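Look for chain A in each of the two complexes below; its partner is chain B in the first and chain C in the second.
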Partner chain A sequence: MTMADRIAKPAFIALVAVALAFVTLPSVVVVIVAFGEKSIMMFPPDAWSLRWFERALTYPDFRKGMVNGLYVSAWASLLSVAVGTLAAYAIDRFAFKGRALLEAILLSPLVIPHFTLGVGLLLLASTFGLARGYSVVVLCHLILVVPFVMRSVYVSLKNIDPMLERAAASLGAPPLTVFLRIHLPLLAPGLAGGWLFAFILSFNEFTATLFVTNNTTQTLPVAMYNYVREYADPTMAALSALLILATALFLIIANRFLGLDRILSIESHR
Partner chain B sequence: MSESAAAPVNDIALSIEKVVRTFGTARAVDNVSLEVRRGEFVTLLGPSGCGKTTLLNLIAGFLTPESGEIFVDGAPISGLSAFERNIGVVFQNYALFPHMSVAENVAFGLKMRKVTRPEIARRVQEALEMVRLPQMGERRPRQLSGGQQQRIALARALVIRPQLILLDEPFSAIDKNLRAEMQVELKTIQRQVGITTIFITHDQSEALSMSDRIAVMAQGQVQQFSEPIDLYRRPANSFVASFIGEINRLACTRRIEGDRAVLECGPVQVRVPTAQAPAGAATESMLYLRPEALRAVPAGSAEANLGTGQVQAQVYQGTHVDLIVQADNGWLLRLREPGFAALDRWPVGARLAIHADLAEACVY
Partner chain C sequence: MNDTARPTLLPWFIAPAALVAMLLIAALAMLFQYSFREHLPGTLEVGGVTLENFADLGKWLYLRVFFDTLTISAWTALCSLLLGYPLALALVRCRSRSLKAAILIAVIIPMFTGDIVRTYSWLIVLGTRGFINGTLLGLGVIERPFALLFTQTAVIAALVQYSLPVIVVILAAAISHINTDYEKAAESLGAGPLAVLWKVTLPLSMPGILSGTVTIFAWTMSAFATPQLVGGGKVNMVSNMVYHLGFASFNFPFAATLSMVSLLLIMAVLGLLGLCLKRLERKGFTG
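Coming up: the complex of A and B.
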């Protein structure tokens, strides 16, 4: 071991520990606060109770927000998989006019603030006389999550051996059949990964959603925001703890059935 | 070439006429014409970048020619997409579909052709037996060795009964011992099926051992298209002479005396029939002699016709010994002596005279 190694290794371990702490400490604090007894959030709590969990699960706005959120996220994530896949496929496989422009437009939500998008969509919807219904919320989420799906599919597409397409063609498969029989099955893990991220991002989106929802269409994050404006009790913390648990379960199940390791790793065929 | 011209038209499986394909300013395939007879095994041989893979892609339909036409069984195919042609392709990296079983891979082309289910099952099994892997149908491609994957790729390409089959450096990723075995196997299957085959390689021994005819390519053009033995013994130009096998190149000046060409190679004068020294060749030319056309003889022997020299090194290669000889006039020659007797007879430093079998000489 050189001198540099002797310093570098503990330093690296310390860095990782600090990073982990930064990432997890806020969640840990919130979860602990959720078990407090007093009707004000305090850390650490001086007495323990489960009553805020009960309130989180029975509060009508949260129930409605949960249902709305699942509904909006389901549509937004499914549509984003369809749109993102076709766009990634077109951009990767076909040379056409405006290809670069299409890619830039579809990826632009990554650099446009969610606030801007929310306000813009709100103004557009009112200009065209559209009520603030679910379709506007779904459209808003679709725009926000498509770039992530597109990137995910694009990377999977790049991992597919281009010779497979030629082999299929030489065996008599026209382009649509190549897509359906060769590319789509090989893209499946990428599609599943893209859908998963799209769903989670959509479900947690707040900034843009705030502008395009109303009392009947509000999603869970918006309902939570409205709640904290009125109350300061640990219900929020309890709800957060429940969401962390639900998301973790969701990911574990997804990993079991889809194989997240396969989604997240880049295989080399070339 | 003259033989194929004499063959009846319906005996030509593949005809390439004046095909040109450029990439930017580079002429990857430059006015290539070739005729391949039915059932023939033809190899496109050349260094990388010579245009052989581009030519294969043009035949398969993965690229379209800028000018010229390709005919399969007499019909032009430039207007057809790859999937509309009936040409089997075996790829260098096998390109088996990783999400399908071996049997599904082999069945793919038959499904595309709407063959009935029982017929597909029968032909898939038949194809797997042909490549001696009848038990492997349920496996996934990644569970097979490289050689097995190669055979499945061959079965997949042949099962559709294509008009011809193209093989793109199919053995380059297989280790040397298995490669020799696969070469024999491919050749056997090819002969059994009787399918017209275009084989691409940069490996000249592979080309020489397998092909009915070889098209040597360089700079987008066919340098020579002939049977392996002619390619070796009668190379059409200096590129082919140097590219195929090992050869001694001796600078000389040439003049014609009747039906003989007289070559002044330094102090040595060599006479060969003019047929071996085409009139087009420059006065300053090169005399090409294979190592096996040169033999060591005792100094002063009447057989000596290429001067004298001294053994500089012995290269023992099992079936033969190569003697590296420093000729007295400065040439460095390679002589090939069969067996191993030369090891004792011509030790390093020994004086010798050189006999050249001038019937095997070429001049360019």
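Coming up: the complex of A and C.
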């Protein structure tokens, strides 16, 4: 082993630590600043207080944004699970004309810029008089989130033993019964995970939402953006800290339903 | 796959999704249509058919925004690769289950917290009384705070943090498909860890490296919140220009043109990636 090889492992660990620090640092800093007492954002804070958390939770625009966000995300996530599961199941199991095209279109939001989609939907909505109501926002999020649900379903389907399906079919079950009695129950954990992802992504979505919402329908991220443009106090830090915590919790829960490492296919083949 | 026994209820499975797909196509069609319409200044109405929007694309003001977008995207992709590869390697080769999960969650969280929360946290890190300046001032290293915000470097740093989850996932998937027998063989022949990395692991993960880097490049081209806040109006990517045109000037026709061109550029980049990956596959790389 050369000199370089000897320091390779410690150097690698150091590099990984630096990378991890880079990824997590901003969140940590936000949480610390949120507890600052002064009304300017400073690090480190010279006095501590919880007052920004109180303001974050009582500020009317944030409350409205939260309610709107929950409403939109609940609808968007539920609809996307319904639409996405049916579509992913059909695309995975059966051949039909236009299958590849449908799949390509449904998965395309993964590569379409959110601002492009936002502008397009805004123009579509105003042309057809749906000018920036809740339905535009829900539909926008639905489009954006369906690819994730479909991917979750694909992963879950791969893990179902095909023998189960054949056994049911050999006992005389028509395809619909197989779907309802065999696949759906087995897909349930995957669907739960997919729903959680869909909800989180929809709730936190900003760019496309900025284009399709107005003052009445604005979701929490949009309300936060408007706040930041006017005020520079730690209220946003407090709200961000709460959201980071909530997101982390959601992800840990979703990970138990649908192993994150499986959906992202990074199991090590040893 | 049963294609002879297609269930009669199949249309019901596809119909909802087909509606969503049509909605998406309709939105893109609106963009297409609007880019050919004339902007009537001061109103939201649009005039007749015109090619003026495409002619305007040639103006330096807008070409520069495209150029900046490409530059920022390229740097982001490169830095994401440099930071992301060690993370991906650690994630795959780590033996401890809980450490693996911890690294994964830590890396993935930024992806799910949303643009605003994540971008805002960078304002605090880079602000004049923020983390970097505050720490350096407190340690007595500097006397006055640096202006770190509103620079291209700041935007790139924030974008790298955003992109790391994605590239780590892609790289980790590629690395996990490498048969560890090759590495063990190299070790048994006397190669130290650096040689194994350089001669075995890296080349075998090349499709993943290519895929990850280009994906981040294409993805970053659609960034909005980060340049909007961290750039503070001084660093403009295409998305910010579109927002400004739409909501400040109400010039939706031109905004639509820019949006469409961005989309086409991204598709082109990803299409090229697909072709390169196919070539690599033919040469014998898998995964």
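Going forward, the second predicted complex is superposed on the first by the 237 of 270 C-alpha atoms of A that agree within 3 Å, B and C clash if a C-alpha of one lies under 4 Å from a C-alpha of the other, contacts with A are read in each partner's own complex, and residues count from 1 in each chain.
One rule holds for everything that comes next: a residue touches a chain if its C-beta (ideal position, glycine included) is under 8 Å from a C-beta of that chain, and two chains touch if they have at least 3 such contacts.
Keep in mind that this is a model prediction, so the values were computed, not measured.
In the superposition on chain A, A:174 contacts both chain B and chain C. Look at A:228: by the touch rule set out above, it reaches chain C but stays clear of chain B. Touch criterion not met for A:129: it reaches neither chain B nor chain C. Contact with chain B, but none with chain C, is seen for A:161 once the two complexes are overlaid on the shared chain.
By the document's definition of touching, neither partner reaches A:60: not chain B, not chain C. Between chain B and chain C, the partner in contact with more residues of chain A is C.
When both complexes are overlaid on chain A, the residue A:185 reaches chain B alone and has no touch with chain C. Once the two complexes are overlaid on the shared chain, A:10 sits clear of chain B and of chain C alike. Across the two superposed structures, the residue set of chain A contacted by chain B and also by chain C is 174-175, 269-270. Across the complex, chain C meets chain A through its residues 1-3, 5-7, 9-10, 12-14, 16-18, 20-21, 23-28, 30-31, 34, 44, 83-84, 86-87, 89-93, 100-101, 103-110, 112-118, 120-125, 127, 129-131, 134-135, 138, 160-161, 164, 169, 172-173, 176-177, 179-180, 192-195, 197, 218-219, 221-222, 224-225, 229, 239, 242-243, 246, 252, 255-256, 259-260, 262-263, 266-267, 270. Note for the complex: chain A touches chain C at residues 1-2, 4-5, 8-9, 12, 15-16, 18-20, 22-27, 29-30, 33, 40-44, 82-84, 86-87, 89-90, 93-96, 102, 105-106, 108-109, 111-117, 119-124, 126-127, 139, 142-143, 146, 174-176, 197, 200-201, 203-207, 210-211, 221, 224-225, 228, 236-237, 240, 243-244, 247-248, 250-252, 255, 260-261, 264-270. Only residues 161, 163-164, 166-175, 177, 181-182, 185-186, 269-270 of chain A touch chain B when the two sit together in their complex.
Residues 60-62, 81-89, 91, 93, 95-99, 108-109, 112-113, 156-157, 160 of chain B are the ones touching chain A in the complex.
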